[in-house]
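Both complexes shown next keep subunit A, but they swap its partner, so subunit B is in the first and subunit C is in the second.
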Partner chain A sequence: MENERYQVVGKPVERTDGRVKATGKARYAADLVAPGMLYGKILRSPYAHAKILNIDTEKAKRLPGVMAVITGKDFPGIPFGTRPDTRDQLPMPITKVHHFGEGVAAVAAIDEEIAEEALDLISVEYEELPVVLTAEDALKPDAPLVNEFSKSNIAYTSDFVFGDPEAGFKEADYIREERFSSQRVAVGFIEPHACLAEVDASGRILLQGSKQSPYPTWRHMCRALDIPLSKMRLVTPFVGGAFSGKHDPFDVDFAAVKLAQITGRPVKIVLNYDEVLAAYRQRNAMDATLKMGVKRDGRITALKAECILEGGPIAGIGPFNIYFFGAWLNLPYKVPAIEYHGKLVYSNRAPCGTVRGQEIVLAQYAVDSLLAIIAEDLGIDQVEIRAINAVTSNWKTANGIVVDVSGLPECIERAAEIIGWKESRKSRPKGRGIGFSCASHPSGVRLGGHFGSSVLLKLQEDGKVIITHGGTEIGQGCNTIFCQMAAEILGIPFEDVIQGPSDSDTAILDSGMFSDRCTYWDGNATIAAANDLKRQLADIASKKLKANPDELLFKDSKIYVKDNPERAIAFIDAVRTAYYELGTPLYGRGYWAATDIDLLNWKTGRGNLAHGTDFIATAIEMEVDEETGVVRLLKGVSGDDAGQPIHPVMLEGQVNGGSAHMTGHALLEESLYDDKGRMLNYSWRDYKQPTALDTPEYIVEHIHTHDPYGPFGAKGAGEASSCSTLAAIANGIYDAVGVRIKDLPITPEKILAEIKKKKEGK
Partner chain B sequence: MFIKRLPKFTYHTPSTIDEAIELLVRYNGHAKVLAGGTDLLVAMKKRSVIPSHIVNLKTIPGLSGITVTGEGVTIGSLTTVAEIEKSPLIKENFKPLWDAAKVMASPQIRTLATIGGNLVSAVPSADLAPPLMVMAATAHIKGPSGERVCPVDHLFAGPSTTALKPSEILTHITIPLQNGRGIYLKLMRRAALDLAIVGVAVSLTVKEDNICQDAKIGLGAVAPTPIRAYKAEREIIGNMVTEEVAQKVADTASRECAPITDIRATEDYRRSMVRTLTKRAIMNLWEGNR
Partner chain C sequence: MTNLVPLNITVNGIEYRLYIEPNITLVDLLREKLGLTGTKKSCNEGECGACTVLMEGRPVASCMVLAIDADNKKIITIEGLAEGEKLHPLQEAFIKYGGIQCGFCTPGMILSAKALLDENPDPTPYEVRRAISGNLCRCTGYQQIVDSVLKAADMIKGNQV
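And now, the complex of A and B:
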């Protein structure tokens, strides 16, 4: 077994945050208190699109207990955005509101009741504007402009051609074109947005918030507040899930900081979940048309895709999304030639970021659905058509991504075996079906030169190590696996590595928690930091053992000479020598960035922008009730290539979690709007996330590979399964009852309507 | 628009029903009674009701519990849905109610929510109403002028309105002994923790010669209130139970109901699900009978 090489890596150690979370003792942003703390509340727009003519805050300010009231005008008016060319957002709006529920004013008061009462005393004069609700609305020639910083409703585009698509389609024996669409969905973390802001005597800001990627939050906030980076510090408490919904700073964060600056007192803002569902990040709505050419045996010869993402009134991280959709059509299947045209458009719905898996989720849904349709047309077995096209090791995609190691063929084989695909082709009960989908996901993309990760290890005189890193524990388990990695390298027990705080003053430079990058990038930085520490200890030990430092091994809390384990000193003795004889404190410093791969060329879309492509093949068995249209998922099997599993149990949790998460996207969830752009279902009663009972029994088969660049051979893991679930469900419904729904979510009503159509057609 | 903290109110803790009624009379329409609070508190946070006075019934002894009587069972209005779900007596003898209790809301809500509250809130999708209707349950109401009874069939006046006057309190429900068998089927968007898109309760008494002696059909979420499908019932009473008859009954029920299109489902879907679920319920009971 590969695992036996390791003492700590690959073992299901107890999560460092397990007990404290399970017993309710973990402190999240909403639990924080500070002396003299005030409570903030945000007034929200009832309109989706309206000019702000005037905001009168005088009455609210006079209410006893109210300490400050702010509006967009209290900020410097400097826009911020993810990219230098998409700075289209203000901390709070000044001239107009862009979506239902957008914050227009905020209050700080001595208690929450007074703050809420004050909101009712603020009077806002609006002038309603026509609403841009869909991509179609946005692209009309006379469409009203949504974003005041942009002269167009097109927020970003991505266009590229690789290989020779024309020749590819000519070479094809069969071509099929289909249109797929996907709805607005909420992100789905448990903890609503919350933060506590304080300003110290020197004017330096401390923000403790529920943030997924403190680095971009810090950068964007300092820009929009017009302060130097050194004037702000971010400390991240426990975070109750994020799934790409907590990357950027929100009005919550800006308002808390501004109110704290004005009042000189700490200000806490905790949202209710209805505010989160109505007015914060969602997944882009998609409208995509894909054309695929294949040879008679199912081999893909060319792909052409057009995609429009409707992303709300800001670009946000949308430029990445619109690029990723096209880029990840190049995987997980071998596509020799591709043409792609993508548009991200503004609208007056809630602003989008993305959700777990980014818009790769949508790309893989579309491409795998189309492949399934083609297999059906040509009479090719669903497993076979995937196997024949699956990307293999040492593959270079048309757009330049180098796949070093692919376990996909084995993932497909094992998933098919475990779900019982072959047997199911002989006979299966009426209404039963199995759907397949494959997917791949990068282990952290290199989208900019500042993308990197850093880790600091402090070895204390008692032999215990404190680790601080730029990653954020958002439930994915990073605070556990970096302890595992450091312990493995240093040859000490897992328990001897202690997770330090997430503090921008000590842990720096980490571009954020997205794109499956944390394990990979911060993991490599952890290894580098541990090796740095190890070198220092080896120097000390080598003098005591009269050996060459290179000959020394670290294991079982001992440092010993290779091939001669009797010549050893205890790890703690080397530490004590450093502290008590040499007066040398011990720090290990590590950083990592994939500088050996390309920085993406945004103009051409070409570039090997990611190492460690992870792969998954998901098979889901289900039962469709032909009379009610209700889909019941029975069993979900994933063959998953995440390289070397660092923590196999948490890895399973990630794979199953991603799949369960997208069950809602496939079957249940949809943010609904009326024709004026007001959201209709912003409560957990009406917005239907799946419960445990809506998810099937899950089986994960780890396909063990070794990534040459990943930490201990690991790849990223949290997002691939979210990319393979939508198509697996759509394909399974087709297998069960012979109808194909191409617009998500696949509701019982849509299924019944198609069944009816099919019956009438016969 | 968005929920807020609870509005200010005066809180009362009567120790007898009469005391509670007196409070309701005194605050004439400005008071609300509190049972489980699972509907009331949410409505207050949304500001859709802003009562100046809250009269907590939970401080009154004797309003909760399931008691067997010679004629059937008495269920106190403060009996929680969880207590009903856990009662073997209800499960054995009044199964539609048990069916509904076990699929209502979430375990946490069921621990708080009461049978009285579910009825008095009078939402069209109230899960406990159709089962009580098909079992000929009676609501016992006490007010300033004394006690009165009202069949659950006639308890609902419209969405969120009942036959109760502002100063009246629902004290308990009685269900007579059942001759036939019954079932409640609930269609939801997700497998748990959801409102009914359609709820169908059916109670059938079928004689040995396969002739239906009595039938009651209760429908939830397909009209402004929970309703009985009387026309559909007449299609089966006195007839031999067959699949064809079940289909005919189901068709009639689907025409008899008056659903709307909203964010949860369309009118068409609801009608066709009334048809599907009514037929399934009848077939299930009939097959269980054979």
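And now, the complex of A and C:
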């Protein structure tokens, strides 16, 4: 019904990058070449924590074919970071290394073999320092300091109280406290980090790299290189997945630029995947204790939580992570009162950013698992307890997040129905279980005044529109849906809107592709830009049609008077008039930010944070072998409220993908370190990501709602889907064999140990 | 300078006579020497399947094959699937049914699927999953890739009727 209102929105149009990707013609960073190009390689630290006493690069420099060798000292020594109060990283280290595999020097040579050989000729003198491996190590009073820009191993804290938790616990009929933990995991995109840097005759840098959020990369790089923003241009080629692992600039990007500056030649650096697994972004390790009070019927009365995230040697986007964990305990269930204490600590493991779903994934895992335990204790049906507590429309959370529209109750109902929850309660084969879980996620948060999105539409004289936005197509399909939205507003065919390149010279501010924000924020900016164009065209058409511009409709490549479709001119005629008669070229300007959302107060945690809360309810059926402890996922179902689907097939893909991603986190994946902080499994041979045989058949049911602020009523989708899987799997294992594992990943060994304990009567 | 060795290789129907370093892998030959960058490289150790190509019709991880071992062999890469503008049914289906997101796994995925359908034109969902289990994808969760392969199988059968 809704869909019939639209010509292009809601339709499964051919994705704009489909053909070029299906034919192998899409160029990713590693595919780029430039005349005179050199190959860069990075020398990595074998220690997790050590002073750098000296780096001797002379021998390497003398190797024929080597054009330059650099170390941290070749950079200005200006630290950068996500927030002004967390500028704690350098392009490459100068005084000490902070984690295993950290880049300490880089080489540019005429071919890869020579570059490799040169690395062997660099000698680095280290003095080993004691290693801070865990949050516990970090918080010891005499712990060595990890980050030289910080006087403490606590990188950030977040504490807040909303409502009256004390009264809430008093009012509760039942209270339970549990501790949950989650491991280090890799981000796991398939394309390794890669870039190509060039410097032109004026000294201006062109960096083409596999980056997720060009704007922060560009700003942080210019700061750390001590150059004005105008001295650098960032172009993003096709990106082979990102999932929050490619936001900030890395040593790869800095080294390529510096080597290009020194040699005057283009420099390409492409990492091998073992380097990515060993030394680049992972998800924080979590240790959280949650206490929940409920009434006899399962209604939550209060929640208290403490969380420590161990995040590696830099804060990165960790301050957001530690705040989000607490903020998102307020959803997807109605929590009238909450107390939260969170700490982000430094360590000598690989630096963390985050992974799909951010630390909301962990918060939802903990809160939903605890609810499941309580339901068991009180003998309440798992679906029922979720339905009782599910956030409904027009709800305001204790910490101030306003939920305008919630499809969660319906998501729960449909997921339960499709998986066959009720029947499964009557009987099911031994070892079979169904895990149920709900989650929610914001459609882009407003964390700072500069959070915004902008879109430029150039309407050419041939009637085709070129769209430029400040985000990145990382596979999520944003380039396609922005074209859909622009075509819808302008009443022209989808094919007439063409995606332009992602180039910092032409694109304007966009804070980045994260937090499920791109459909929502950039989508709204696209609509604003298309409306701007429409106004210009309506002005022209109204004169020709002798009508009021407000009365005009744009549809089927025509502009016509609302109640009199006969009075019309062709869209292209209005365009030609602008170009050929009036000399007024056409471009639309659009920007959007949720400016009616309060800026977050980081000290008090107060702020309504985001519009467009999206919801999901997930049910996963599984089989657990009591002899081997092996879990086989049979079928997954998600009822998903992403508002109005813009592209139903791609939306389904986002939900499938987010869920499957977290099956790895729940069952298979863990970045392992030895006691010296050296990573042990930095190859896909030993670090297991889910394959097609590990993931279940998956059904996605769209629960169609209409968000009042979202573009065409849409909400975000790609990350909410990752937030309900962990608990669904943990809950399902309990349902199947009656053991609850609270420290992820849930390996067969852990399951067997718990089964054994249970058999022995605890 | 290592001694170069001769290589005769047919890639996407085009015969090449080359002199190559004996230690160059097939993936590097395709990408660096022949400019066929559709074949992707990630782990370089046979674990991810991004570099999958068909050698004599069978899927191989081209990072694990020395180019000299492809002497006198026929190779198909992703660039060799479409006939001019006309896409292979697998390519069509991947585009239409959500088999592609970031696209980095896509070339390898499509070639593994092609090897399957060439041998087994009517696979079950499980057989599809097994056939692509050597190809990692982080974006799609595999469901829509499986759907795409099954739809392509239908399309191919339809065409043969």
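Here, the second predicted complex is superposed on the first by the 761 of 762 C-alpha atoms of A that agree within 3 Å, B and C clash if a C-alpha of one lies under 4 Å from a C-alpha of the other, contacts with A are read in each partner's own complex, and residues count from 1 in each chain.
The working rule: a residue touches a chain if its C-beta (ideal position, glycine included) is under 8 Å from a C-beta of that chain, and two chains touch if they have at least 3 such contacts.
Just so we're clear, the structure is a prediction, and the values are computed from it rather than from any experiment.
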Query = Looking at the overlay, what does A:G732 touch: subunit B (first), subunit C (second), both, or neither?
reply = neither
Remark   = In this superposition, the partner of subunit A with more touched residues, subunit B or subunit C, is C
Task = Return first, second, both or neither, reflecting whether A:E116 touches subunit B, subunit C, both chains, or no partner chain.
result = first
Task = Kindly classify A:G475 by the partners it touches after superposition: subunit B alone (first), subunit C alone (second), both, or neither?
result = second
Message = With both complexes overlaid on chain A, does A:N272 touch subunit B (first), subunit C (second), both or neither?
response = both
Ask   = Does subunit B (first) or subunit C (second) touch A:T691, or do both, or does neither?
value = both
Message = Just checking: does A:F238 make contact with subunit B only, subunit C only, both, or neither of them? Give me first, second, both or neither.
response = second
Message = Between subunit B and subunit C, whom does A:A26 touch in the aligned arrangement: first, second, both, or neither?
response = second
Query = Which subunit A residues are contacted by subunit C in one complex and by subunit B in the other?
reply = 272, 274, 685, 689, 691, 693
Message = For a test of understanding, state which residues of subunit B touch subunit A in their complex under the given definition.
response = 1-5, 187, 189-195, 263-266, 269, 272-273, 276
Request  = Note which residues of subunit C are touching subunit A in the complex, please.
outcome  = 31, 36-45, 47-48, 50, 77-79, 81-82, 87, 91-92, 94-98, 100-107, 110, 125, 128-130, 132-146
Key: Touching residues on subunit A, where the partner in the complex is subunit C   = 12, 14-15, 17-19, 21-28, 30-31, 188-192, 238-243, 272-274, 474-477, 649-650, 652-653, 656-661, 683-685, 689, 691-693, 695, 697-698
Query = In the complex of these two chains, what residues of subunit A are touching subunit B?
reply = 44, 46, 101, 112-113, 116, 272, 274-275, 278, 627-628, 630, 632, 668, 672, 680-681, 685-686, 688-691, 693-694, 748-749, 752
